[in-house]
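What follows is a pair of complexes built around chain A, which joins chain B in one and chain C in the other.
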Partner chain A sequence: MSTAHASALEAPATSRVKGYWKEYNSSVFSLLVFLLIWELVCRLGFISRFQLVPPSEVIVVMIEKFWTAPPDGATLFTHIAASMTLALVGFCAAVVVGVPLGLLMGWYKPVMVLVRPLFDAVRPIPPIAWIPLAILWLGIGIEAKAFIIWLAAFVPCVINSYIGIKLTNPVLIRVARIYGASNWETFIKIGVPSAVPMIFTGLKLSLNAAWTTLVAAELLAASEGLGYMIQMGRRLARPDIIIVGMLTIGFTGALMSYVLTKIESRIASSRRL
Partner chain B sequence: MHHLSRITFIVLALVLTMGICSAQAKDEIRVSGQPCLHGLPTWWAIEDGWTKDKNIDLTYTLFPSGAPQVEALAADQWDVGAMGTVPTMMAILRYGAKLIAISNDESETNDLWVRPDSPILKTKGFNPKYPEIYGKPEDWKGKKILVTTVSTVHYALDATLKALGLTEKDVEVVNIEQGQAVTAFASSQGDVVCLWAPFSYTAESKGWKKVSSGARSGAMIPGGVVVRKDFAEKHPDLVVEWLDLYMTALDRMRTDKAGSGVWLNKYFAGYCGLQLPESAIKSEFELRPIFSVEQQVKALTAPDEASAWMKGVADFFAGQGRITKADMADLEKSNFGIDASFMKKVQEKRAAKK
Partner chain C sequence: MANAAAANLKEKIGAVFSFVIFLALWQVASMAVGSEALPSPADVVAKAQEMYTSQIGGKSMWMHIYYSLRRVVGAYLLAAVTGIPLGIAMGWNVKFRKIANPIFELLRPIPPIAWIPIAILWLGIGEGPKIFICYVGAFVIFVMNTYTGMRYTDHLLIDAARTFGATRRQQLFNVAIPASLPSIFAGVQNAMSMAWMCVLAAELVGAREGVGFIIIQGMDLNNSPMIIVGMITIGLIGLFLAVSLRYLEKLLCPWRRELQ
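Here is the complex of A and B:
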């Protein structure tokens, strides 16, 4: 009996592992095919090497960039550290302001009435358009660059927190009130926990926005950073440097998003209502 | 009979149409430029109808700066064009473009500015070899300098620091784009700002003081007129035809500054969306020496002129680690892409007309 029971339990687990490997292999395969096509397109001369360099050369340049500063003036580690600092400062500031604001807007109507017109007016303005004002208000240091990132990252934080708390189960709210909970207590103990999954979705979108705005932010008086590296590659007509910068932004952004997903799975699962 | 006359009429109409079409089929030359003095000649030629009687049709594309212009060259989007020294060098190095003329000498319009209360203004001519540079080394040390790095004005800054016996390690260099540099400096950021025209005119209008420039520090900055490699090889006659028009405009700019100023103003205000005061338009001709055909031929062939000027810029880039030794060797091997043959043909063409 025990053997039959064990094999019955193992069967779905084995098929899950098999499914995972199949999915994993398919992803790796598609990536390899993409890289192979890219390499062939360059090597066979379909695209000039001045327009696109083969991935093998990009990898070589990427490895070299870990310890050499030329031609863009800093090593890849320095660029990654500068960009990560900038992205995290902007992102954290956006979370600190955006999440509470979105929650308050969703729970308290007067807050929504007060803030929403301004938020709706600011939201569609592309962060890059703020650069001249950012210089006037905050100078040319990290504050101005972080402000540009903050603007991009702030919007998803607000919207998702707002929607998250708006979707709180009304039955839970009624139960809390029947048991004598105040509006603030209901907000903290029912509204906020129920909004956590949506807040995390907002955080992921926000982190994504922070990384995509990096190049724009580093247009503003930067001497290092991945966005700066791309600009230097452009000025020096070096597509390999541009691609290394782009790929590094992609990898670093994906890594940070992965970390955030792990944090979400720990927090959101324990607090979901 | 009636049928025959109808057929005759159709055939005649076809022949006439084909004749008109063939008469209208002109060779297209795609020209690129920037909102700068060196962009004016082609635009002027188009607007003033200089190509009406010629067998060429010019199309003009405006680029905000050198980087996108070079990218468009790589994508075969234009055939000939005028640009700054750095994009010219990159176009030669990466895409085999040829330098066929010097649009103007930009050494004085790549300049360094301070606010009127700057201590740098207290001394002038510390190094007698460079009497027009302001400040002593102590005045410059530790200063925050706003500059667009990997540019001609960065080259002018480097030459200025060298003239004072300093290096970039003695100051704080902040990389910033030109428009942002003006905004930042106006809001009290930085101690020195490095600009090029037309941003320099904004600096002048704000009361900032010029403390050095490429010309004052011995850095020669030639504006480049380049041709795409393929186009030069396949259509050398068209290149000469266009270059002749370009030189006609340069000749007028040298000899009739007032008349050319009207066109420059039209180009800046009407086409590029740049509103410059009359004094700035005047300065464009005063501060940027323009070469005649004879001077161009000499500059492009003499070893101490165009090739030496380009080498100066290339040495600076190599010293900064922006280009490799192999890149430098390629540039030297190609004599910095300089090709005087087109300008010589323009000279011959003009001599034959006389």
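Here is the complex of A and C:
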């Protein structure tokens, strides 16, 4: 496999295409077979139109959804924009609060001793379980959903920042002390930078949690957004709408993680220089 | 030794102290906003007593817990039985990987919770969709962790086995699978917490029994003490599941302790 890849890089363009084809032909083939079976199962009437529609129709609906609002009341872009805004607001708020809290917990013992027990007590409750209480407190508007997403994204931020700064090489800390750095200076100049890789791992987990929780919150209480879209698809028994929504949720989530990974590698490379 | 004990004691005092502050703040907040919106800790304790001795929606609290646990454990076992072999096959056989991976990669980014509407369309509103959602959540984690473990198996180990004349079968069962066990066991824990979250989500969207039903019922009745008791119950069960898995893991694989 790897030798085929290496030779493909050196070879001229035509045989490079051939090399890629050799690498990916069975993958393409398997996807096609998957879609074909799906199409046939639907076309031959093994499954009702109200449960599953063939992929060809899903594609048509997906394209139409870009400019048509019915049956769920908004175009695909409106739903995506609503969901992404909510997820990013909750996520950013969680990062702003969670990362400093985690770092302080890892560095200053009294903060750890006071905050850790509460944090450990609340952590086993999945953020989704807060949805009813949040709706009761904040209504079904944007506040309740932002709160749930904030909560979901907050936990991984805190944990990873905490672990990251705990893993700071003690030799570096001692060197800084010997050169007369104050505790605060050591924290900012040694502790925080050395925790950055771990923080980024936490951010990715956070973003993932935020996106999953967003869908749950929108299933329960929303008037737009991707979760609302698939919930409407269920109420109207329109599997095409649900599948378009699910694929969009998956794709948008993957896209956001990809952007975060890009930002991470940018920061990591600038730090190395 | 004495120093460690003193530090431990300090930590315990800190924990008690922080809980006392927390409860006091809670009490003050509930007096400030009124017990309608935020019940005081005493209200919650009273409500818990009432809930655990009476019936909610025609079933006792213990029955609701039993329903949720049954869904989670059933789906979890099913996911382990199917997910781990699939992950091993994907990690071991290049041909199989190329066939299964694209489909898996296409479905993986979709959060399990997003499957709820279509699961209800397919399986109705009974036990089916709840088990299906938990299954999807746990299955993906089992496959991913097993697959990653297999792919990151040290090639030196397999080459060494081959040099000593191990058959392909022996290489798989005696080298590759044991080498990926740590990664698989990491998945065992994650899959459980994922399954627990999923059952909750499925029960929130539509159920007549289970702990998710309890909190959504609390919301519909505008009864915040009921929601809080439900949330605490959910947290405790989640904790119980995690601790018992850790215990089981120690029992089943005593060598893990030496690895850590």
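Note that in this section the second predicted complex is superposed on the first by the 214 of 273 C-alpha atoms of A that agree within 3 Å, B and C clash if a C-alpha of one lies under 4 Å from a C-alpha of the other, contacts with A are read in each partner's own complex, and residues count from 1 in each chain.
Rule of thumb we're sticking to: a contact is a pair of C-beta atoms (placed from the backbone, for glycine too) under 8 Å apart; a residue touches a chain by one contact, two chains touch by 3 or more.
Values in this document were obtained by computation on a predicted structure and should not be read as measured data.
Shared-chain residue A:236: touches chain B; no touch with chain C.
Within the superposed three-chain model, A:51 lies in touch with chain B and with chain C [touch as defined at top].
In the superposition on chain A, A:136 makes contact with both chain B and chain C.
Using the contact criterion defined above for the overlaid structures, shared-chain residue A:220 touches chain B and also reaches chain C.
By the touch criterion stated above, A:69 is placed in contact with chain B alone, chain C being left untouched.
Put chain B and chain C next to each other and count what each touches on chain A; the higher total goes to C. Of the two partner chains, chain C is the only one that A:26 touches; chain B does not reach it.
In the overlay built on the shared chain, the residue A:18 is in contact with neither chain B nor chain C. After overlaying the two complexes on the shared chain, residue contacts for A:43 are found with neither chain B nor chain C. By the touch criterion defined above, A:245 reaches chain C but does not reach chain B.
Where the contact sets of chain A with chain B and with chain C meet, they give residues 50-51, 131-132, 135-136, 219-220, 234, 237. In the complex of the two chains, the chain C residues touching chain A come out as 10-11, 14-15, 17-19, 21-22, 37-38, 94-95, 98-103, 106-118, 120-122, 193, 196-197, 200-201, 204-205, 212, 215-216, 218-219, 222, 224, 227-228, 230-232, 234-236, 238-239, 242. On chain A, the positions that touch chain B within their shared complex are 48, 50-51, 69-71, 73, 131-132, 135-136, 139-140, 219-223, 228, 232, 234-237.
Every residue of chain A that touches chain C in the complex is listed here, in rising order: 1, 24, 26-31, 34, 50-52, 110, 113-118, 121-122, 124-126, 128-133, 135-137, 211-212, 215-216, 219-220, 226-227, 230-231, 233-234, 237, 239, 242-243, 245-247, 249-251, 253-254. Chain contact summary for the complex, chain B toward chain A: residues 66-67, 70-71, 74-75, 86, 90-91, 93-95, 146, 149-151, 173-177, 179-180, 183-184, 187, 189-190, 321-324.
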